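Shown below is the structure under consideration.
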Amino acid sequence: MVLQAIFILVALFTIGCALMVVLHRNLFISALFLIASFFGVAVIYVLLEAEFIAVAQILIYIGAIATLIVFAIMLSRGMMTGRTSPRNAQALWAGLGSVILGIALLYVVAYRVQWPVVQKDVPADAIARLGSALVGRYVIPFEVASVLLLAALIGAVMIAREKEV
Amino acid sequence: MLNSYAVVGLYLLIALAFPFVTLLIVSLMRPSKPNPLKNSTYECGMETIGDTWVQFRAQYYLFALVFVIFDIEVVFLYPWAVAYGKLGLFALVEMVIFIGMLALALVYAWRKGILEWQ
Amino acid sequence: MNPLDPRILGEWWNTFLRGLGLAEGWIVFINGLVVTLILLGFGLTSVIFLIWLERKFAGRIQDRLGPNRVGPYGLLQTVADALKLMTKEDITPDNAERVTYNLAPGLAVFAVLMLLVVIPFGPGLIGVDLNIGVLYIVAMGSIGIMAALMAGWASNNKYALLGGFRTVAQLLSYEIPMVLAMSVPVLFAGTMSMHGIVEKQARFQWFGLIMPAAFLLYIISALAENERTPFDLLEAESEIVAGYHIEYSGMKFAWFFLAFFLNTLILSAIAATLFLGGWQGPFVEQVPILGVFYFFIKTTAILLFFMWVRATFPRLRIDQMMALAWKVLVPMGLVLVLLAALVVKLPIPGLLQNLILFVTNIAILLFVLGAVGRHLRKEAERYKVRYQVSGIR
Amino acid sequence: MIPLSWFLAVSAILFVIGFFGVLSRRNAIAILMGIELMLNAVNINVLAFWRYTQPENPAGLVWAIIVITVAAAEAAVGLALFIALYRLRTTVNIDEVDLLKG
């Protein structure tokens, strides 16, 4: 009961912040709401007993990605003031389409599919299992991730660097 | 496990509310007589020239970029460190390859002069 | 049955609550409330003492008395300062972004207060023993970074924004070596839980003694994460006046101030926990309450070290600071983690492993110090040549 | 116990909000924020199914970490692109960027 109440509150908080992200004129405030909604998602992960992913969410989404976004906003002048409309011409159609998509998805989730659910506890050593899976069964994605990071760094540096004159 | 996070959650709510409630209480105790001079932006007595939210150099972004790469490495490193005691030598080899890639990224950034603050 | 063991006290408390016929949920709630009140009370009072200690200590080092007017030995000076800050007018600049401006100081305090919850003060004396304790500390740090950025942006002041940007750049850069240093105890202990790490350091198997280089790495990055001298160029008054909190006054400034000092305390407590064995020490098995004493002795020792550094060193230039993080500390951290992993897997007795780790650590430290020293000498040489050419002495 | 479908519903709503942001915003960085929201929704889904079907199998956690990694790499490169674009055209509004018109 308590758990469900907490979940509803957190979910409402997350969704409200996400709405503000897409609706607010000021990009910086938008980014702050994005951070708040990342935090809400982290709490949802805790409710799913995925504590490690929750902390990774805070570490990477709030600590790294949000910082990158804020820096990028600061780097381009006059974007926060919003002299023009933040939305493009197709916003109305996009809104309509999104609402329809949302209703369809919720309908499917609520009525159409019976998901097979098992009642099991998360093992206490879930993190250790994750660690051995990363260098055992899932070693290919693990190493590919490092290559991806290297490639991303090189690519981003190539693009963003100011060329010397 | 959720029980211990319930304690953290309760603590979180109170720790979050505490500074703001204090600010609210204190705001009733203190004087508040604003005037335009007092409320102007502090700039060693000078008037601010131009908009504050001006464009910043890409330098900051490049540092953040290198940081992001290493921050993600942390997420892979820690579960590995936790599980390491039960793993064989292959775990070390794989981590050496992983960290080697990141070291390559660091060397690249170093060679390109990203790490120099101008 | 030992009445001085906090763990047994805790058991007794829980059976007492169950005996009252309360449901499990209510017990969790009451325990949470008790933990919260104790931690918040401890955090706030310790800061009052800490500020006094820092001022007194710095005064002694600089051959003056330090605060000595309010109360015995000036002990109540901080209380007087706090009262003054509370009743002081609080100015919000007209240009500021009001909501964000008011949110930032509270968030800064919040991010630091959250850390108190995972610190083991003694055997069984921990707010919550999370499975992810060490990473939790790092994650809360990133919320603190956001608070600095928000304060800098919302003040709508060029100095503040520049200070905020510098803060973020510095905190991000030093987070990596700090995380790498903290991964060494995790590797040794095989767990991220703070209590688990302390328990693995029994009988003077302190990770800071086995890996002195990792300990030093942590200390240096903690100084930087705390924006302390020699890394306090975020508030370099000669360059950017006061950093991101320049526009703040009254209680909001007090919150930034409190966050700063509480962060010092917590970072030293974490250092004591991860590297100096936390509450471990002689006779802790027999008299567990001694653990609290050991913990505070170690924490205070590191605190005094931080204060000593602050009273002694000049600050670094920003380019030196960034270069130190990325060109010295990060490679060193990577090498240390891999070294620890390699030696732990060697098929030799544990004592010999520790000895090898200790020796290689000292060697790495000497090598790094030598390299940095050579670089600095070369740079000084270059400057000398340049000044001679241009005729400036 | 919270029903699985609640998590899926939150994830669906979050996904749709992100989708709307991507379609309706003019600013490229705002579009990127929408994409991040969508990736978060995906991760909630992954972890919900991990928790309710195979909590003993770390595959779900590995999945989530890989998604986070990809999101970070994508944000890094995407924002670098926007910065370069801004330097070139002093705008990051997508409907003003049509390089072929020159």
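Note that the chains are named A, B, C and D in the order they appear, and that numbering of residues resets to 1 at the start of each chain.
Everything below uses one rule, namely that contacts are C-beta pairs under 8 Å (C-beta built on N, C-alpha and C of every residue); 3 or more make two chains touch, one makes a residue touch a chain.
Treat the numbers as computed from the prediction; the structure is a model and nothing was measured.
Here B-D and A-D were compared by C-beta pairs in contact; the pair with more is A-D. Centrality annotation: B (chain centre taken as mean Cα position, compared with the mean over all protein Cα atoms).
Chain B and chain D have Cα centroids lying 20 Å from one another.
With centres set at the average Cα position, the gap from chain A to chain D is 6 Å. Centroid to centroid, with C-alpha atoms defining each point, chain A and chain C lie 29 Å apart.
Averaging Cα coordinates per chain places chain B and chain C 15 Å apart. The residues of chain C that reach two or more other chains are 130-131, 135, 138, 153, 165, 168, 172, 175, 190, 192, listed in rising order. With touch defined as above, residues shared between interfaces to two or more other chains in chain A number as follows: 3, 47, 49, 51-52, 56, 59-60, 63-65, 67-68, 71-72, 74-76, 122, 127-130, 134, 145, 149, 152-153, 156-157, 160, 162. Of all residues in chain D, those touching 2 or more other chains are 65, 68-69, 72, 75-76, 79-80, 83, listed in ascending order. Pairs of chains meeting the touch criterion are A-B, A-C, A-D, B-C, B-D.
The part of chain D that touches chain B in the complex is made up of residues 65, 68-69, 72, 75-76, 79-80, 83. Put simply, chain B touches chain D in their complex at residues 58, 61, 65, 68-69, 71-72, 75-76. Residues of chain C touching chain B in their complex: 24, 28-29, 31-33, 35-36, 39-40, 86-95, 102, 105-106, 109-110, 113-114, 117, 127-131, 134-135, 138, 153, 155-159, 161, 165, 168-169, 172-173, 175-176, 179-180, 183, 186-187, 190-192, 241, 246-247, 250-252, 255, 318-319, 322-323, 326-327, 330-331, 334, 337-338, 341-342, 344-345. Contact residues on chain D toward chain A in their complex (touch as defined above): 1-2, 4-10, 12-21, 23-27, 29-30, 32-34, 36-37, 40, 43-44, 47-56, 58-62, 64-66, 68-77, 79-84, 86-87, 92-95. Those residues of chain B whose C-beta lies close enough to touch chain A in the complex are 1-2, 5, 9, 51, 53-58, 60-62, 64-69, 71-76, 78-84, 86-87, 90-91, 94-95, 97-98, 101-102, 104-105, 108-109, 112, 114.
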